[in-house]
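As written, the chain order gives the labels A, B and C, with residue 1 at the start of each chain.
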Amino acid sequence: MKMASLLGRVFSLFFEYDTPRIVHIRSKKVGVINRLLQLCIVGYVIGYAIIYQKGYQDFDNVQGAITTKLKGVAQTFNLSGDGKNRTWDVNDYVVPPQENNAFFVTTNVIVTPRQQMGLCEEDINVVGANCTDDPSICVKDQPLMTGDGYMTGECINSSRYPGFKVCQVQAWCPTENGNLSAPRPPVIGVAENFTVLIKNNIEFPKFGIKRRNSPNNKDNSYLQNCRYNIDLDPQCPVFKLGTIVSASNIRSFDDIAVQGGVIQILITWDCNLDHAVDTCIPVYSFRRLDTNDTASPGYNFRFARYFLDNGTEIRTLFKAYGIKFILTLQGQAGKFNLKPLIINIGSGLAILGIATVICDIFVLYVLKGKALYKEKKYLEVVGEDAYQDIPGLNMKSGD
Amino acid sequence: MKMASLLGRVFSLFFEYDTPRIVHIRSKKVGVINRLLQLCIVGYVIGYAIIYQKGYQDFDNVQGAITTKLKGVAQTFNLSGDGKNRTWDVNDYVVPPQENNAFFVTTNVIVTPRQQMGLCEEDINVVGANCTDDPSICVKDQPLMTGDGYMTGECINSSRYPGFKVCQVQAWCPTENGNLSAPRPPVIGVAENFTVLIKNNIEFPKFGIKRRNSPNNKDNSYLQNCRYNIDLDPQCPVFKLGTIVSASNIRSFDDIAVQGGVIQILITWDCNLDHAVDTCIPVYSFRRLDTNDTASPGYNFRFARYFLDNGTEIRTLFKAYGIKFILTLQGQAGKFNLKPLIINIGSGLAILGIATVICDIFVLYVLKGKALYKEKKYLEVVGEDAYQDIPGLNMKSGD
Amino acid sequence: MKMASLLGRVFSLFFEYDTPRIVHIRSKKVGVINRLLQLCIVGYVIGYAIIYQKGYQDFDNVQGAITTKLKGVAQTFNLSGDGKNRTWDVNDYVVPPQENNAFFVTTNVIVTPRQQMGLCEEDINVVGANCTDDPSICVKDQPLMTGDGYMTGECINSSRYPGFKVCQVQAWCPTENGNLSAPRPPVIGVAENFTVLIKNNIEFPKFGIKRRNSPNNKDNSYLQNCRYNIDLDPQCPVFKLGTIVSASNIRSFDDIAVQGGVIQILITWDCNLDHAVDTCIPVYSFRRLDTNDTASPGYNFRFARYFLDNGTEIRTLFKAYGIKFILTLQGQAGKFNLKPLIINIGSGLAILGIATVICDIFVLYVLKGKALYKEKKYLEVVGEDAYQDIPGLNMKSGD
């Protein structure tokens, strides 16, 4: 009998329903406040969270690979002081030949040709190399902080700056002339006309969608002839460097070509896969990442090519100024999915409760009929362990 | 007295409790609907959000370093037209010698040996170089868009294509023969047998856990002899390139070796730190990132080696086709934490309110006893500023 | 009339308000429990979610570019067995000359000078090269797994290990001596004194804030003379490599310089844009990413320089041990925004409902007066389709 009773009770649980008892107040003031609050919340949930933020979609971030190929050729004259023309093709001005999601294009260069191991004067611009006044500052077997080699201890006449004396160093000789500033106009200013083909294959793994950044219906000759133009051909994956630079809000190409700089190329794939998959195309944007400081401006680095000349190792030192392009892939795809929609609606309903909390404050503390509303809303129950109020103040318990 | 009254009131606030008044409805229909809805919500919160999504865990993303080391050697014959064997070791076929989270392995190559500055014929495949019909298209001191140098203005007989004339250019001569396509079979097809050792040290900073991707109990000879095999030895960090390629769903190694390509190596550390830390091991997966387009397929780039030959600068130009491997570290670790558990349970309880909202619709508008339920649930209160309904319709206020 | 009635009904909807009816229980026990729970929830929402987690702010992740420039020079003696001093400057010890968000500094090196294509003995340490006991293991035209070339099939006397025989290979000869371990002390141990200038321009695009990591009010000479010091000058962007290494918890510079390693330089911009923008400055931190394993410790790679010597191609092989520095940019900026504040307060109010759920359990099932409370809280309604309980047990329906 006890068992049956328990079973019956458990069973009856499935056929019960609890719903709150409600005071239905007919009042213009609180009604309007209530509906306005509800409208705000419903508007926010439906308008913003669900429609604007696409709360009915499941999302996936873009993944993919970017590779680049540069085209273009430049010519310089008398760069190494040899009085000769020199042609620069991709293999000469892109250093290193390949990078991951980046490429560097040399736009300006200072060449120090035919350096070899030996003893020679330190560059006078190096702090601590000018020993005109005090030969003892050349400490044997010590390097200077920003110098080119270890000092021999000798203080020798400068051949570059007659009348001055500099410390002698063991180094790659002759040392680079620190007095030279970046040539103006830039040596490879024609880089403005170089082009880069950006190949970008992307994937939204969750949705099994693969896309690439060149129009599907176009052939090889399209790729050879088209040029990216934000208005006329925003899908052509071949970019003139000058176009990229001016799209980065740089006034003239020489502004960045002389001292170098860093430009980010953003490839953004924001795709709505509820629409046709052909509408899933990239948007390119460009911006300069470095600022044109007075202290150490632009972007440059040095590299050397090593040679053997009649058994002696020599090297040609390049101080390469140029533009470092950083390629960034970003974006996401959305597709209708029941789960986020339900979660958004659910949390929207939960938030609706806030309207009641705020309206109750009006109803119970602000409106004229507050005493009536309070009486109807509350049922006072005094428990056995009720707090004993100061006598005579326990008004509420008399309700 | 006023003060004491206020104090008493404030004090009594701590010994009060408000709980909603409930209509307890005993009805099979609405009871079943109610319980089913509650079951769905509780099932979702406990089953999905807490158990499946590990809502009881705190998470941290993996951080770490990946370095790689390649092994393997290849031999080519008559590559530069010198009739000689040439051995390619790691230093020859990995360009550049080290990259950050990536490495490139040359699998195919076109060599243009001994180029030097001079005047020579432009490659006839360059658009605008074929001047057979119109010598005036060779404009002095102008480069061709995809050409190798600046034109001299001369239109000369082609030595490569007898009967044709091409513009003369100042360039690295001879220019690369654009008519050559990637050799088939690939020159370094034995790259299939090369191996790469991937060293990966990771960290979950929040939990103070450090791990690496080679089994702890193994010695140096294990690393020398093991080979990754998804079934037999999935923890060996030494990978045959052929294994990686076939795991990327590429039919044969030559499919990617001839034209090159991009393959992503994903190292995934998904660790449940509630289990033994020894179960925290990486999973490797592989996929090809580029697609085999007809337009500009595969992956290749050019680089040059510069030499001095009797005082003249010459260079050897390599067009290197190959596989670019991109290493991606991903994953997270989870560990039991009270905070996310409480938040999940709390939001679960909040969502339970949705069941009541839906059931109320049934109870008040659908079920046969709706009039009774409505009467019990609602207490009508007409405020002072009640909206004056059209007379005779104001039925509800008569409740 | 019907239409008017409907319109009136719809209209009156805007002037109604539903609020739950409440049982107001005066009881010390449940009151205290209730207030404590509410305090926890309010404390969590205000103290943790809003104040500590800055729930009143909108956030944006940092974006930017990092470039680096190294300074310093080293000298080695008799490195290629030529008995000569050799100066190493930035162009010699940084390989490759520029990387994206990383740089490598050579600290130790093994040089194998003047290799050329030819036939010579395989290194005896290569597995399978020692043919002293069995000349037949040298299989013609086969490479050894970790070898330097293809075997000729000959088993020749070793010149390096008199009394032993090794397989002859066609390779870059002589092959690297695998018996040499990393020199101790490291060849370029003075790298400890090298400095690196880190230039970091960042942006919080959402807030339109651009910053850089060198103090604005400082001039060029500050950058030339300052050194990063966590206590004395934590904003100087010039770092001594020795400072970075010791800040990475490496006991001595030689600990990492001999075998090489990987160190991460974290640049963290955590900015509160509600404060003055000048307080938005980076914090640098450093940590070693690789572990000092016994198996294949440290970080090294090989690269070669190619020369022409009287028409013959030769190369110098470098096994470079060194420190790979990986630069990571992280952080976010926060700024006051009404939207996240409202969402946090809203979800806080929603969570408050949990207190009621828990207190109800006490009130209805634990406290002494539970029968009274239950009676006041619940209004029993028996629907038409009520579940027929086992007779005599249906006590509750008699309420």
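One rule holds for everything that comes next: a contact is a pair of C-beta atoms (placed from the backbone, for glycine too) under 8 Å apart; a residue touches a chain by one contact, two chains touch by 3 or more.
As the structure is a computational prediction, the values presented were derived from the model and not from experiment.
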| item | value |
| --- | --- |
| Same vs different contact residues, chain A with chain C, by half of numbers used | different |
| Relative orientation of copies chain B and chain C, as a Cα rotation angle in degrees, nearest 5 | 120 |
| Computed distance of Cα centres, chain C from chain A, in Å | 16 |
| Where chain C touches two or more other chains, by residue | 12, 14-16, 18, 20-28, 30-31, 96, 99-100, 307-308, 350, 353, 373, 376, 378-379, 386-387 |
| Parts of chain B lying in touch with chain A, wherever the complex brings them together | 4-5, 8-9, 11-12, 14-16, 18, 20-28, 30-35, 95-96, 99-102, 104, 117, 127, 141, 143-150, 169-172, 262, 264, 289-291, 293-296, 299, 301-304, 306-308, 311, 313, 315, 317, 324, 326, 350-351, 353-354, 356-357, 359-360, 363, 373, 376-387, 397 |
| Of all residues in chain C, those that touch chain A in their complex | 12-31, 64-65, 67, 69, 71-75, 84-87, 89-92, 96-100, 190, 195, 197, 199, 201, 203, 210, 212, 214, 218-220, 222-224, 305, 307-309, 314, 346-347, 349-350, 353, 367-369, 372-373, 376, 378-379, 386-387, 389-390, 393 |
